[in-house]
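Chain IDs A, B, C, D, E and F follow the sequence of writing; residue 1 opens each chain.
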């Protein structure tokens, strides 16, 4: 059971990564902040660093979606990412956001169930409604009808919450595809985090 | 053949739009710039204005993808959007970006053929390779293998061009889904532009 | 943004077309009638003229479906064709019947919306029920159950109307595939008609 | 193992059938010709007789496709219908044309294999190429590329043969859907014919 | 209409079969029991005989599913196999179990209808509920929800009956795939049995 | 992030489980053997114990597939199960066999990658060929052609190895569906094993 990569973590993306010394200051600061917090730099940063303008636009949108105040908890937002990334079978995102959900959700078994298949995970009604809608958004050709929006409203999700579920699901569908074009590899550290 | 909407252009998004007088200065400036250039404010701006932070993050990423220097012409970037939006059957994006492609590409018949079906459009080999890859990116569960990247390189696309094709295809797959959640309606002005 | 075809309208079908001088009288008369009415001969006639018996059988069935008295207006019949041809992504039929729908329906914006995606077009309840059933017919393995026929009856469609919706949808699914085997190209004149 | 229909052959189509005494002369003559040849009137005639203009257009096109001189044998044409009708799971067409193929092909075991799954039937290379293309035509969104037409030509199929394969496959895809809208029931006589 | 196999019944499986003289006693006894009952040895036995441990495990599970006492009749169990094998287009299983259903069900026309398409077969409500659930089980990613189990219970199926429907459907989905890897060919005798 | 089940491990299957005191001796012995080896009784045993004949047939076939001598290592057999169970999104099997693969394969990161998506896991060429074929077997309507069997032979897999890959993939497709009908829940112990 040997891998073709002698050093599994050596590859970040098929498009390579810039030397850290060559990075713009703001990106290097992001690297340092991650090392301080996590002990390593997630490969998504190292891969996007090749294109600093893309790095900045991605991270800014990410933060609007994941860190803005709103009706969804941080764990709920990560659960949406894990469910969608699992449907899209995204190797990097399932691993990195699976770790985040285990930690932020404080229920690693439920996090694993969602990574396996949100439909058969032991979800609360609120989470089931939320992930069912995220999965709908993830379908090709998605367009919501009034009835499903009304059903979400009736489940306690405001219009802005519905927007946020859809935006997180769809933005990480975009992110899944970027990981797919780059063959982005997960850092080895993610696998054991939060178990 | 009557529509249920008495005034077809009255609806922008199912989530409504803010009063223009209440907009932050930067967003109002965008409105004014669009009126000066196009004669109207595309509904994507009016719909996103409800959430200024989302508006700004979306437009910044949009501009990185569509206006940065790079190996793809502006018309090629619009062709990617039209091809992907057609596969996703996005009413707003096919209409708005169909108009942009007709104008920027200076070949409205080819633009219409791509909106109908890029596979049977009368494409140059370069455009065929580009749109075939954009369509691959748009598939659920997309992950590129080395051979298809090498084939794109052999067709004259640099690694950054491949990144850009994928990023435009995937970002507008995200945008298609946001139009789908909002039921974003195309401005009537788009339909006749560039014919 | 150049096309590989130096003269885009030169190609009619991959199987070529007969010389007009060699045509049987009835087919030449059809050409002349089209020139008188439209100013040109649609390529579907020029392509089918290679096989006069097929030409005649196709046109006769076409006229039964499209020109017979019945519960569906001429615009409704064209809307069925455009919706099905869009689902089948038929380059020729979307273009030729898109033009017909713009003209006969007297609402070019709605015609364009149906060509983009009938599901998110601004349809009356009658048209929505009609196109939803046409789309069902277009599915592989279609077989109607009693409930959906009853629902159409309740929407004001007689049994003969239901037959007509299905027959138009299915016959043009056949026609879409014939355009697909021939690589039938749309006449350039269609693109601007009825805008 | 009882059927809900007390008299299985009593139902022809959900839309009923006209009284034979009320039929136009040409359709009654068709009934009589079928009784003379087969001993019964296939339900497709009885179902279409409700709409005489449709009856005539259908039968005329049928005869052009199935009885015209050409490169395909009568058994080959029936094999295309059986393969496509099986993919579309059409109850009436599998039964009626399954019987025809058993008789005309003089190999009832091969006929049954094609009805089950043409891909694993014990086909000659010519029949395999022919049914593979018929199956391609049957796909939604079918459009042939030059390479597959050239491959068929290399297998001994002329352009008119390719046209005929596609036309038979697509026309009976239309016919399958008409059987689906009518819930057309097979005559009991077909099941044992040619075994 | 000739087959590439000069002797159609000569091939049993692409992996061949052992010489009968070399078989273990219990497997030879099975051969003899089949010859006594049917007049021939079904190819599934001859193909599995290559791997005696697999032969025994397969036949033991088969007998538990098909011959144990329970709420489903023997004909109902065969109907499940035929419906699932038809969805999976399994050449061997449609032929061998089609024959079994024609004989055990004592209604060869209904058996043929189920082989063609259970959805449009003339089924009793009990059989329709049973085959609808078998078809659900056959879907990739199947997981039942409480509502569909309750609906089956309400239709008179006990929990053990539901288990049996699912187990038969899923086990023969396994068997269909084994026939697919072996290219298992049906014995010629099956085709005419029970007509 | 609360689960609707107050005691997550309390539910084994929607069909319940027998009291251990009521079990036949051989099944109770299996429980005890599992407690001795793992410290708990996997829920698959507790769920199947409701039907002792099914329990025995399942376990016997399981042992033939997983414990017989042959060309595939025990880890390779588990990798096939994990890959197929992931494609079928089987909550129980991904969890239980994921744990087995982490332990037997001695490479928990690779095990997790296969559970996420075998296609983007860092596989050796042998494992890639093996899992690609297992995934083919898992497709509805699978039938192998000679070329893919020859390619596996050329990769060092004997005919019996090919049989084993197919049998394991297809048998656990059956097992996935049985877990789906039972709503079989994974034991909590599995999640942390072998990390």
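Everything that follows uses one rule, which is that a residue touches a chain if its C-beta (ideal position, glycine included) is under 8 Å from a C-beta of that chain, and two chains touch if they have at least 3 such contacts.
All figures in this text were calculated on a predicted structure; none of them were measured in a lab.
A repeat of the E-F interface exists among C-D, B-C or A-F. It is C-D, with more than half of its contact pairs matching by residue number.
Comparing the residue numbers each copy contributes, chain A and chain F share more than half of them at their mutual interface. Fitting chain A to chain B on CA positions gives a rotation angle of 180°, reported to the nearest 5.
Between the Cα centres of chain D and chain E there is a gap of 28 Å. Chain B and chain D have Cα centroids separated by 45 Å.
Chain D has residues 89-91, 117, 119-120, 141, 143, 180, 183 in contact with two or more other chains. Chain B contributes residues 1-5, 8, 75, 79, 86, 89-91, 94-95, 105-110, 112-113, 115-117, 119-125, 127, 180, 183, 185, 188, 191-192, 195 to its touches with chain C in the complex.
On the chain B side of its complex with chain A, the touching residues are 14-15, 51, 53-54, 57-58, 60-61, 64, 68, 87-91, 137-138, 140-144, 146, 149, 159-160, 162-163, 166-167, 169-171, 173-174, 176-183.
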